[in-house]
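Two complexes, one shared chain (chain A), two partners (chain B, chain C).
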Partner chain A sequence: MTQATMTAACPECDAPVELTRHPLNGQIANCTQCSAELEVTNTAPITFELAPEVEEDWGE
Partner chain B sequence: MRIAMTYTRLRTEERMLLDAFENIGVDATPVDIRKTVFDPMDQGEWSAYDAVIDRSLSLTNTLNSVRILEGYGIRCINPLSAIETCSDKLATTIALINADVPTPRVRVATNAQSGLQAVEQLGYPAVIKPTVGSWGRLVARMNDQDAAEAILEHRETLGSASQNVFYIQEHIDKPGRDIRIFVVGGQPIAAIARSSAHWVTNTARGATAQGIELTDELRDLSIRAAMATGADIAAVDLLECPSQGLLVNELNHSMEFRNSIETTGVNIAEHVARHAAEIAETHMATRTQSSAAQLVHEAIST
Partner chain C sequence: MSFTASIIGGSGYTGGELLRILLAHPHANIGQVTSRALKGQPVHRSHPNLRGHLVTEYSVPDEIEPCDVLFLCMPHGKAAGDIERWRSLAPLVIDLSADFRLRDPDDYATWYGDTHPNPEMLSQAVYGLPELSRDQLAGASLISGVGCNATAMNLALLPLARAGLIKRAIADIKVGSSEAGAQASAGSHHPVRARTARTYSPSGHRHLAEVFQALGDIDLDATITAIDMVRGVLCTAHIEPTEPLTKKDIWKLYREAYKDEPFVRIVADRSGPNRFPDPRILVGSNHADVGFAIDERSGRIIAISAIDNLVKGAAGSAIQSMNLALGLDETLGLTFPGLHPA
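== the complex of A and B ==
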């Protein structure tokens, strides 16, 4: 897989966010520039959206 | 054999589990529960799976999806009854009491006024917790009557209906840490101590994890606690009480373990994957036998 397919823009600050392994939908990444928590919503091409905020019933 | 892993977020744990399934040669399909429409009358593509391991972050999604999947006859890990018990602190307390597993004393009340009586029965300090909640959220220590009145009134006035269960636990003066035992298939596989300068020792609240020895007492208590809830896989949290000894505080049905692998040297993800595969294999064999028996019955009938 080429480097180009492993990087996509942060939806918050537009900085490039790189994934270190093959992406899967729902995977979480962090933008190193603005610290936004991102979720992979598409893998070809890679698309990020802001990850949902923690909800009351989330946990282990 | 095929396994589905339901999820809402693919965190490090879920990636580790998928890698572990791949490493042991098991076909495991991640299924985003947020994009799924269930038909309770028709299992459709779910019939392809011999077991489902639930890794949804949302308890609501977990309970609903596992309820439907078990309705299809699919073996879920953990089973619905175990999830219901582990996810509700009151249900956990009752299960532990019924199984004679030592656990902190608890009082339950329905409003702020009786809640204050409950606190005073236990003595100060006491701890109030939401019955459903995780990561140490909304857990509060009430050191005196002023604090208790304030917290109970706020909980009653501002909380949702679910926050109006006043689950109050005796405060255990633990030695700056609690203990977590990972139990897989009825066997304790690893133990960590979670240490913090704060009295709340969840790693989600900044506590650090360190591997510790699995003593016979830890093994015994964690096995009995997991058995009390019927969980295939659980993280059992224990408190070291200076006067009462080890007490089981709670169990987690969908445990996080990313920070515990390196410090314990135990590949927790692989243990979980192997156990899930064993369950799926057993269930697959049972389903095959049932199908064969049905065919024989039909042949005899015709």
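== the complex of A and C ==
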């Protein structure tokens, strides 16, 4: 039996992000196109938001 | 199928890269390699990385025999004068100099400051960047090499230019020392070149001519700066678009333009130390990495590309073009992914 995949758009680059099982709120996924770290903020329909990032420099 | 490839002027850096790539090509046999200065000496005298891989000595151009593919790696202005002779020796000639890059003889005179010695042959040459001219390369008999800075600009700007979205652009280009070739000059002297960040062409670099030919008459200038790097080109183009764009719009344009390109990768990550293209990880690779960002305040687009100037910017694109001209898989011999750390 094949497992159905679910997709939702990446909020950064609009590429479809696939999930192999139904996610939970707060779950983290990665976009394969832009490597953005995404947080599931809604499960029906599946919605992603960009996870917070750490800046490389602190403005020195 | 197998074929024999020979190289005229093979002692320089692009000649060495052609040999390195051809050694890994499953269908290529290396024929003669010429150098007047190094006649009779082993090829590894100038390409020490090939010691033990290629046991052959330099011959001189007068001794060259017919072959299947003939690469010309001579200084600009040398290939065009004898092009009939070179073409009589091989059904496919690939000239890595600038002699056949521009189709219009007037453009050649404008940008290279001299009358082209064989203007009627310019229209027969196909520009050797598959991302621009893949269809014309199939079955071609005369292929021009590409300018490395031109390649970096062309690949950074292509998706936006094709969509007519560039109102004005400035390309800030950082380059490694191997761009200047194997011949020493005042600018390549170690005390001058080491640890430098030296702008040597603030405006009007001649490689712009190849970009205008490829992308049309866009408002573009380039500033070229030598930095402390041996191989590599990093192009950071600042673009004022003709209309406001979102980052998702730009993703769509670049994804569509490059989705079928085996050597162009989109690198525009949100995090990590390699968010954007970096020529250092492309050393020895035929990949071109292309990325972008947008300044939300002004709408300015920043398009970034990185290549190895000797590979995607010279020998790699030439071999990719050769593969297409011969009807082969265009990736043959070119799948080395680069080094990290390099």
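Here is the rule we go by: the second predicted complex is superposed on the first by the 48 of 60 C-alpha atoms of A that agree within 3 Å, B and C clash if a C-alpha of one lies under 4 Å from a C-alpha of the other, contacts with A are read in each partner's own complex, and residues count from 1 in each chain.
Keep this in mind: a residue touches a chain if its C-beta (ideal position, glycine included) is under 8 Å from a C-beta of that chain, and two chains touch if they have at least 3 such contacts.
All of these numbers come straight from a predicted model, not from anything done at the bench.
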| item | value |
| --- | --- |
| Chain B versus chain C as contact partner of A:C13, first or second or both or neither | second |
| First (chain B), second (chain C), both or neither touched by A:E39 | first |
| Touched partner set for A:E53, first chain B, second chain C, both or neither | second |
| Contacts of A:Q27 with chain B and chain C, given as first, second, both or neither | first |
| On chain A, the residue positions that both chain B and chain C contact, one per complex | 56 |
| Chain C residues touching chain A - in the complex, by the definition given at the top | 247-248, 251-252, 255, 266, 268-273 |
| Chain A contact footprint on chain B (complex, rising order) | 7-11, 14-15, 18, 30, 32, 57-60, 132-135, 137, 235, 252-256 |
| Residues of chain A touching chain B in the complex | 24-28, 39-40, 51, 55-60 |
| Parts of chain A lying in touch with chain C, wherever the complex brings them together | 12-15, 33-37, 50, 53-54, 56 |
